[in-house]
Structure formats: C-alpha cells, structure tokens
C-alpha cells in the first residue's frame, strides 16, 4: 500500500499552534507512507488539486488528510480522491483542528498530538478496503409533521413541485401558532389574511393528504423508504360527512369547555370548530367536556347534525404510509409562566399572556377584538407589557432569548393604542432585539409615534391593590425602582420546544439539544438537515424563529427533500456489517441486539448462520461488539481497524 | 434403592428416547472420573455419580445439538444447561436432564497437597468413602482424609446443589450452602491491593502455556474452532509468549462470559498449571449480580443482551 | 403521631421584646407533645450585625450554639425566630466547605462532631405535627376572625437554604390558621420586607415598608396580621405609632401565630400573653365573636332548611312507596328509577348554574 | 510511544461519531481549552465499543480510557448506548481484580451541542489520571518471585 | 458626575468580592430585577444593580464608600428573584465585610448600630436590647432614637433593664477577639491547612 499524507495549515487555524511541516516529516516515517507534505488549505481547489496530483505522481493507493473534523469535510475529500481514481473509502482524516489546534496553545504538545493522530489514521487506513455502495429504489412521497406556517410552506413547495405529500397535524386544524395571531410585525398586516389562503391551498392541493388531529405513532425504515404509522385520534365526528355547518357547536349545551384555540380567553363548547377559517373546517368533540361522555346522556349534537356525522363510538385509527423523506415542523409551545409566583402564578385574572392578548385583539377572537379586563370586562387604560418572562432566565432553565418577543410586544403596544386610543402602554425590557428588515424602525415607531413608554429593567413583582395591579420594577437607566399602577399586565412569555418534542426526536432518531430543540446537521452548512438521512427540519422545532424565517426554512426543507426524492435510486452507505459465514456459529446474539432487525438467521447446510439485510443495516456496529468470535464485522470500522488505532497509541 | 441405582434406572428409562446419556464413569486414575457416554444399557455398568463426578457434562451438549440426548447433572452442571438453553445454544427440549442432589465433589489438587511428600495422587490405588471421610490406599498405607478438606472451593458456596431444571430428579434434595456474601473470596482477593494483584497476574500468567484447556473445558465457550485467540480476522492477539497477550486471553474469556458464567469452575480445574483463572470471571459475575440481580443459569435473558431505558442500579457519574 | 423531642434555641429577643412568642411557643409545644430541650447556656447567633461583619464570625457564634447542644447530646434544633434560623442554617451550609469550617474552628477552637439540623417552629408545626392534628386540638375555634398571614423575608428565603414552602407565595401559615378556624384572606405582600433591624438606624424605613404591609392588610379587610418573626412583629406592632405618624392610618393588632394557637387550644390567658402586644387584640376578638355568631345563625338556618328538605323528600318517598305497594312488586323498580331521575335532574341543574 | 515526557499521560478516548465526537468538535469550535493528553478514536456508536478495546488499551499501556456516547434516549441508532452502558458498567468490576485502578476508566454521555460539558469531562478526567500518575505497565516476562501467601 | 475610567478597573477588588461571596459577578446581565424588588432601594445612594455594575467595572472606591452596601437589609429578595441565580444579598454582605476591614462606613448610623449590637453580645454572650440601644446612642450621639416607644414597651415588661449574661460569655468574647486578631483570615487558615496536609503526608511516608 502506498499512503500519502497531507497536513493542512487551514491558514493559521492549525498552523498557528501546530508545526505542520514537522508533523508531515514524522508522518513520512510511518509504515506504508510514501509521501507526506503540509498544505495551506487542503479543502480549497488548489489543495484538492495538489492531492490529486500527488496521487497520480506517487501512485498513492490511500490518502490521509489531517485537517478539520471529518464531520465537516470528509465527503469533500472522498470526492477528491475518487476523482483521482482512488476508492472513496481508502481515505482517512485526522482531526487536528477542533481536537488539537483550537483547544490548546502548547505548540510542542499540539505538534506531537497531531503527529499521533496522523499515525492512528494511517494505521487505520492500512486496513481500509475498497467499498462500493449499492443502489435501492426510493419512495417518492414526503411526510410533513406539523401544520404550522413552516410545515404548510414545506408541504406546498414540495407538492407544487409534483411530490406527493402527507401532512400530519396534532390539532384539529392546521395553522399553528400563526393562526392565533391577530397581526404580524413589522407590517401589521392581518395574520389570518395572509395565512388563510395558504391553509386553503393545503386543503385543496391534489398532491397533499392531510391528517389533522393525528399523531405520528411509529417510524421505521430508512432514507428513501420510511414506514410511518399515523394515529388518527377519534374526533367522534365522521369528517367525510361533516360539512362544517356549525349547527352542533351552536346547540351544544356544555358551554364551559376550555378553549384551546383561544388560549382559554372565554369558554367554548365541547363540540367545536376551532375558528371560522379552520382547515379542515370540521367539528370534533373534546371528550373531557362532553356530557355524552361524562354523564352518559345528552346527544344534542347527534340530534341536530343534518348529515348524521356524529359518532360517539368512534375509535382511534391507525394508518400506515410509506414515505421517502420526512420534514419535522413541530413548532414551539409557551413556557409555563406560572412558575413565577411573584407575577401571581396565575392567581390574578388581569395578568395575561401575550398569546391570550393576541386572541383578545383578534376580531374573530372571543372578545370580538375588544380588549377587556378578564376580571371585570372593563377596558384597560394603563397596560404594562413585561418582556423576557421565561426567556433569558437561567434560574428556570431557559437561558436563551426567544427571539420574537421584543417584536411582538412592540406590535401589541401599537395595537393597544389602535384599539384604545386613550390607553398608555409601558414596556419593561432588558434589551430590544430587533435585527430584521424594518424591525428596529418598528420599535422606534411604537415609542415615537404611539407613545409607548419603554422602561429598561425587569419587573420584580406584580400584586393587586384596590382593583388595580401594582407593577414593581426597575428603571436601570434612571437607576431607580419604579412602580406602575396597571389595569392589565401582558406577559411576553418566552417559548420552548413543543411538548413531547424529545419523544418525537427519538421516534425519528434525530438528535435534540438540552432544551428539546432538534439538532440540525451542521449549525452553518446544514441548517435544515439532520444527522439522520432523509429527515429535515423547518421552523421553530429547530430553534425559535419568527414567521419569515420559518417560511424560509420550510422552503429550504422542501428543496432539500425534493433534491433527495428527485432521484429514482439512492446509494446505500457501504459502511455496514457483514458476516463471515464460516466463523459464525449461529448463536443469534447479534440478531437479538440489532436495533433495526437488520440481521436474520439463515440456514446454511443445516447450520444456522446470521445474515445482514444490507438495505436495513444502519452501520452502528452493535452486532460487531456483541459477537464473541468477531464473525460479524462492521466495514470501515472493523475490530482490526480499531485495534490498529489503539495499538498506534498503546504499544506497551 | 441407592441414588446410584435410582440414577441408573432413570437413565435406562430415558435411553429409548435419546441417542445417548452423558454421565460419569471410571477415569484414568482412581481419583479422577471421566465423562461416560451411555448409548445402551451395557454402558451403564461403568456409570457412577458422586464425590468424583467433577467434570461438567453440559460441555458436550452444544456439539450434540440436533438430536435428543440425556445428561446427568450436578446442580452446577444444571446451571450450565440452563444458560445454554437461555442463549439458544442448545434446545432445551432436546435435552433430557436427570438430576440428583450433589454434596460436593473432590478437588484432586487439595488431595495432592494433603499427600504432599508421601506420594503422588496418581499413585493412589483406590478411594473408599466412609461417612464424612475418604480412605485412600496409597503405597505408604491407608490415608484417611476429611471430605471437607478435599472438596472443591465452589462446593463450599454452592447455592444450587439440586438441579432445579431437571426433567427427572432422584434422591432427596439437599440444602444449599448459605453464605452471607457469596463473593467473599473475590473481596478478599481484591483486598490484596492493586500493586500486589498486578504482580500476581504477571507471575501467574508467565506460567501459562497457552494450551487453552481453560477454554476447552468451559461449557459456554461455544466459539470453539472460531475462537478469537487464534484468528487473524479479527486479530486480537499475537501468538507470542508474553504475559500481556496471555493475560489478555484470560480477559477475553472473562469478558465473553460476563453475565453468562455460571461459576462451574471447569476452566480453573482444567488448567494444568493451577492458575486461578476463575477469579476474573467471578469478579464480573459479582458485578453483574450486584447490578442486575442476575445469576447465570436461571434461564432469563443474559443481562448484557438487553437493557432498561432507566437503569435503577447504575449510578452514573454526573461530572458536575 | 408520637411525641417529638427536639433541641430548642429561643433566640435573644425571646427574653425581651418577643416574650409573648416565647411563652406561647412553649405552651403550644407542651400541648402538642413536643418536648423542648433548651440548649444550655446558648449565646446570640450574631444576627445581621455578625454576618454583616464576617461570615466566619457569624458562623463561629452559631457554631458555639451547636457545640453547646452537642455537649447536651442535642443534634436537631428548632427555633421560633426566622432570623436566627437563617444564621444558624447558613452557618451549617457553609461549614460543609473545609476551608470555611477551618476558619470557623480558628475562632471557636471547638470543632463540631455531630450532625446538626435546624428548623423553625412553624416548619415543625406544619411538617411534623400537621394541620390535621392541630385542627383536632382546637377547642375555641377562631371562626369569624379575618386574618392575613405575614411570613416576612426570611421564613422562605433564600430558597436554597431554607427549603421550606414556596418562596414567593408560601401557604404553610395560611393552612395552619385555617386549621384554627380563622378566615385567611389573600395577601399579596406575604413576603415583602418590613425593614428589619434598620428601623433603629433609619427612621424613614419603618413607616414606608411596615406601613405598606399594614395598609394592604387593612385594605383587604383583615382584623389582624399574624406573624412568625420577632423583628417583624416589633416593626409592625411597636412602631405602629410611627407608621401612623407617617400618614398610614391603620390600627391592627399583630399577634404571633403561636398566640392564636394558644387561644384556639383554650390554653390559659398567661400562655397566650396577648397583654404583651402593644396594639390591643381584644377588639378584633370581639369582632370575631360577632361575626361567628352571624355565621352560626346563617349555618343554623341553612341546616334547618336542609333538614326540612330532607324531611319532605322522605315524606314523598314514603308516599311513593305506599303507592308502589298498592301497585304491586313491579312498582319497586319504578320507584328507584324515579329517585334516580330526580337526582340526575338536580345534578344537571347544578351544572348549569 | 513518544508521550511528552513528564507532561502528558497516555489517555485514549472512544467517542461515538454522532454525539460526543461532535461535542468535542463543538468544544474546539468554541476554543474551549483542554489538556492535550487525550487521543480520540472515532466509532459510529458507543454500542460499537467492545469493552475489550478498553482493556486492550489499558493492558497496552494507556494510563486512562474515556468512553463517551450519546445521552440515553438520544442514540443515533436508538439503542446502542443502552447496551454500552451495561457493558461498560460491568467492565468496571474487572479492573480492580486485575490490579488496575478502576478510576483509570470512565464512561459518560456528551451530546453534540455540549461543548462545555466535553471540556469539563476531558479536563476533569485528565486531572484524575494525572492525580493517579502513570499506570504501571504489565511486564512481559517478570522475574520469578514468590508472592506472599 | 465623575467620569469613570474603565481602564482603571481594580481586578483584585473584583476577585476579593467574588471570593468573599462565592459568586460570579460576571453572570449579572444588568436586568435590574434586584433593584426592582429591593425594599431598601429608596434609602440607597446607588441601586443594587448599579452596585453590581460598579463591582463588575472594578470601581472599588465607589462601592466601598457607598451607603447602599450598609443599608442592605439582607431580606434576600434580590437573591430570590435573580434570574442568573446570583446570591446578590451575599455580594452585598461581602462588600460590607471588605468595607468594614478597610474601615469604610458609608452609612455611619448602620455600622454604629452593628457595633453596638456586637459589643452587647461580646459583654453578655447574648444581645441585650436596652444595652444595645444605650451603646448605639453613645456611639452616634442620637440620644433620642425611638425614645417615644419607651412608654409603650416598658410597661409591658418586655425590655428588661439588666442583661441575661450567660456563663460562657468569655467564650463568646474570645470568638470575637480572635476574629479581631485576624485568626480566621482565609489565607492564614489555608496556609495552616496546607502545612497540616504536608505534615500528614510526611507522616505517612
């Protein structure tokens, strides 16, 4: 074997703390290394060209590049060596940037460590084998999980491009959080006027199948061929028959149900159509409030329904779909602000959340767009907005900025003045974060044109006094304590990953961070991909973002999915397990532990043997670590290869 | 009827249904019995079970897979049968298990120590049991030894003297040995301290001759010809004579048996150099038992082939 | 529950300005079977002046207290005063740090050997005795008394040290007072600061801080403010004149919770020691009795109405039964179905209201 | 091997590609300073790690071995780390009986986003190994000696 | 208003406050919640959040000479509500310790009261209210302090004129006097511990 070694300077990123020439010199003494050099930017065009030239000139059969993390540029270099006629798996990387040059400044230690990492890589490379991928067919259908604005955008873009799309929405209507908003910043245009038509498009698109009030139950399979089980929750109304006339909701006698869509601002009925523009515009029964279910008798809705759609016996139903790719767009939820006892923890009716306030402002909301104090129905004069409630607060485990609260608070302050001209808004803020197109100008307008008083400081306590709310805060610019007598307090409640997001991530086998947000494949270069091939992200499930960004990401995810599913065949990763049949004793231990059921028992001349199903194997290597005699080996990560790396380090 | 006779009639009853019954018969020396493969009533003549029935007959079961066989087992052997069945290395329904109460077996090395200077164990002409003692005919006359002084260590902590999973059980069940800590020997061993133990294994393993008798005697070492000790693909070990490779083989054996070893002790008994290789396996068994409450041989899924999402007994370091 | 035996640290003010707290605490504990073993020859915990000077000095004074307990075999201690509690507990927490405990030992020259714990009397009342047992002891209910509980800053704060109740909206004292029969009014300033020991060096503190608390108590309609802290009590009671001079015109008695317990348990007057309060509590009790009488009258009326209703129902049932008897054996089924129906209707009606 | 004399000890890490290797990358990107002793072997999943790799390193002269994978519930391959957890936890029982200080081996979970946690893990594990000092090597051919007892 | 020269940050002071309090002042992001909730705020020359900022900026003089650090009542409201979980009251306490050591008393009346209280404890082993008041009047000259309360409280018998002296009052006095001698100084104690550790190690080998 002829190995060539290339030590990348990465400008000064590596060369600043590693003596790259010295590393190359040491590398030239390693077994089978016939050529070693240092190179300014291995990944840049001249760098790749130099590698290709060296392969040709020295007849290299394997290449080691010591540079950044293989998680970044391994594919780049594999393509490069392939261009020079070397199999892409006859290539190894040594990570001397993230794992060496960036974490310490001791040049002697770094240079030595880099040289050792190269030795490990070369030792492994000596045992690399040429691997060739196999092709398998693709299911040209996309699953979109979540029917908020990001999911809608992804679904429509993909469907418009001719892809079949299956959309799953947890709630009885699509629209997500955006459907609850009255207006949007910084244009103050009507939220439902811009979202509504897109929701209708989803309903009417011939390529989109919508499962509302449904949840993802199970995902198996792999990129190009996922098997998905969707549980359609019982709505107790046959949606094929329901015309959405709303007669049932008018007649329902249980009028004190919690109104989920309206965030509990005012009650609703047990059988509901969440709002007039709901998609699908179908009724469903909330079992916990329904008299038929709780008392065993009522049946009013069944009696009044003109099409006989109500069915109290309805059961959950599971549908199975095959898809080639998945877009997760599950959005966010509000932080549980009731942990703030100092803000009343929910004891004071006139302390409301920003989303509740949106519903109050909305003309189609429960108050018909009239802002009223929940306690006595009067119109407030002094309205206090408190920002960063549940954001930037390490003490409740939410140290991050939710990103959009500053802007919606400004919008709400403007709308307050529009709705109640005689009102005065006070906004307690820590910092105003408005780095968007027209955003900062917007936050100036609310102060300059609408007269909202912005107070730089946090609110320490809210308590009732004589029918008003006393808001005790600080104005740190004045350096004093301040108090405001408020009629209504609106908490700009921060957001968090939607409930059960981690459970969904586990089903999809994608990573999530400590807060439950899904992890993108790379923070800069793969913002809508995940580390699981075929699964993409859109919207706030990946990290909190406002509407324009969510829409952009929805389109991006659709583009990525289209790119994947435009192909008829996909290449399988050849880094999978394979069985040496004469060494296998048929003990079944590998079969027992394989998380993907990718190993089956076959009969070979009367002897039981294990066999890997190549398209199902994901290459985790658990079988390899389980097999006592090492009869099953994970290609490219064989026992011998890992042992070679260990031995390159520990040789007594 | 004596236990011997009962066993014989149980074997006779089984013979029509099985290709053979594995038991014990006369060995090369009076102190050593040997495995006996009983294929017909004629073979029964040499059969005996008792104080000399040291070998674990479960060893032969995986290679006899495919036809119905019978096996006469001590309690510890029965654990091996149970473990083999739990791992589907044998089919339990293919094995007719005949059990009897075992009150301990001989440790010939201990006899040798008792006879030290007087004669070799191979020179003992006959052995006769006399209550709690045995009488040995040696060239230098009759020697009386207390059984308890020459019984195998494992019998002194035996929790399963009666083959619990036997299809046929003869004789009266005897009481298990109750010990406060079944692994006190390991605790004592560990108490010698890290430095001494390291030196201990260096010394012991320097004597190892790589004969693999330990492995060949292990009823759960089913890889046999495919053992990693000799393979190049994967190549875990060199064929050199160094301590580290020889010790590493023992580590491989112990790790491959973790959560599986029933503690039958055949590895250690088979070692021609008397290296206490069972200690490594018992150290792991102790840990497995502590973590998962698992004693190999009971028929449950081996703990390392399964998991719990929340492991109540694993206290992970939190790195705070 | 069997009897409790604990070490007891009265705190300096128990010998003077809060002697009514001290007396009533001891009396109530006796009544509830809590054996108090006073730490022999205990010293001052150092209060705010000590921890304002140096943490090790403060902890050293606390450490001597624990050492005195140790000599008498006392490990677990309770104290009525939240300020003492905080000092003693912070000392114990800090002393887990070896350097800090070495600094403390450099001052005391008496290393601690035992495990020590310190809790408040209130905590023991709600956690060990329990409101149910307290309710069971009540002989003279405080029915009709409108109270607001005032916890002060330190009963629940700092949260990580005190580990007792919700730091912003504690309810332990609320529950205890309810168990005594009092009506506990929602009180948003439960944990607002009264000014603490700063009432002495700074005259403007008390009228403002203690004044705000009194004013809110009056506004929500309380007859009195119940406290658990000697310093709070002094600021709210003794300095009420100063508060009124500051322009907040409220007159409210400020008893300790243990005093109200003593009264509810019908312990001797001397145990409750209401006479030690500056603002007279008797008018509040008088008011309570009037209200209680009204409530009882209401209740009697309601009970009578209920009884009448039951009587009528029984009568109707008897009549129906008679009819059913006439109608033969099938009637029995009809009757019970009828009874069910009425019940169902009543329920449905209730739901609509 | 050319360990920097007196400066570094030989510490081998086995890291899963998806979480911990990424976490180590994140630490690097964040320039979170770490000791230089650790050498990382990248494997697809902690489930790929045969405990014998750990033993191979320790018998082969490593002063410490650190294994890190995805947090429970967050395994890229769904279950690999659950098996790893049991196997590695059991392995700890073998070290003392061989005369190897069990503190020379640890395993933990670090996600791709936990750069700071990785820095902390590496720093504290390296400090732990330095506190233990170099591991005594198993000699290939010991002097014959009579051991006590 | 004085111009603050940001180059002249007294880093040793920042470290002293952090060591004394065990808190990281750099965690403060100036949200103002401490100031917002502080009951004593109206008596302060600098609000709490400004004190935090001044500490961050290493402005030792301004912090130590401020009245605010002495007027903090230690009610822990700031600590409770700090989103960054800084023990702000602990930081104020630490500033007081340092100010006291450097004999800077930004609020004379308060430090005099503390002194009076501690002296009373030193004499008696327990605090004695009448004694403390008398000493306080002596130290400050404010002889009329709370004098109007006397007729209210004296008849109640709640203000014993004589102190309760404890048997172990010498012990208490010794604690205070050892403290004054600097025997609990962290550096001194640490050095002592190190020496002990060394001798212990030597004994082993």
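So that you can tell them apart, the chains are marked A, B, C, D and E in the order they are listed, and the count of residues begins at 1 in each.
Throughout what follows, a contact is a pair of C-beta atoms (placed from the backbone, for glycine too) under 8 Å apart; a residue touches a chain by one contact, two chains touch by 3 or more.
Keep in mind that what you see is a predicted model, and the values were worked out from it rather than measured.
Where touching is counted per the definition, the chains common to subunit A and subunit C are E. Two chain pairs, B-D and A-D, are compared here, and A-D has more C-beta pairs in contact (counted per touch definition above).
The most distant chain from subunit E is B, comparing centres defined as mean Cα coordinates. Most remote chain with respect to subunit A, judged by CA-atom centres, is B. If you average the Cα atoms of subunit B and of subunit C, the two centres end up 69 Å apart. Subunit E has its Cα centroid 50 Å from the Cα centroid of subunit A. In whole angstrom, the spacing between the mean C-alpha positions of subunit A and subunit D is 31. Of all residues in subunit E, those that touch two or more other chains are 42, 77. Residue positions of subunit B with contacts to 2 or more other chains are 236, 244.
Taken residue by residue, subunit A touches two or more other chains at 342, 593, 626, 639, 643, 652, whereas all remaining positions touch fewer.
Applying the touch definition to all chain combinations yields A-B, A-C, A-D, A-E, B-D, C-E. Subunit E makes touch with subunit A in their complex at residues 29-38, 41-42, 46-47, 49-50, 77, 81-85. Interface of subunit C with subunit A (complex): residues 166-169, 186, 188-189, 216, 219, 347-348.
Residues 342, 388, 392-396, 430, 456-461, 472-476, 479-482 of subunit A are the ones touching subunit E in the complex. By the touch criterion stated above, subunit D contacts subunit A in their complex at residues 1-2, 4, 7-8, 10, 12, 17-19, 21-22, 24-25, 27-29, 31-36, 39-45, 47-50, 53, 56-57, 60-62, 70, 73-74, 76-80, 83, 87, 111-114, 119, 137, 140. Those residues of subunit A whose C-beta lies close enough to touch subunit D in the complex are 69-72, 95, 97-100, 102-106, 108-110, 112-113, 116-117, 120, 502, 505-506, 509, 511-514, 519, 531-532, 575, 593, 595-596, 618-622, 624-626, 634, 637, 639, 642-643, 645-647, 649-652.
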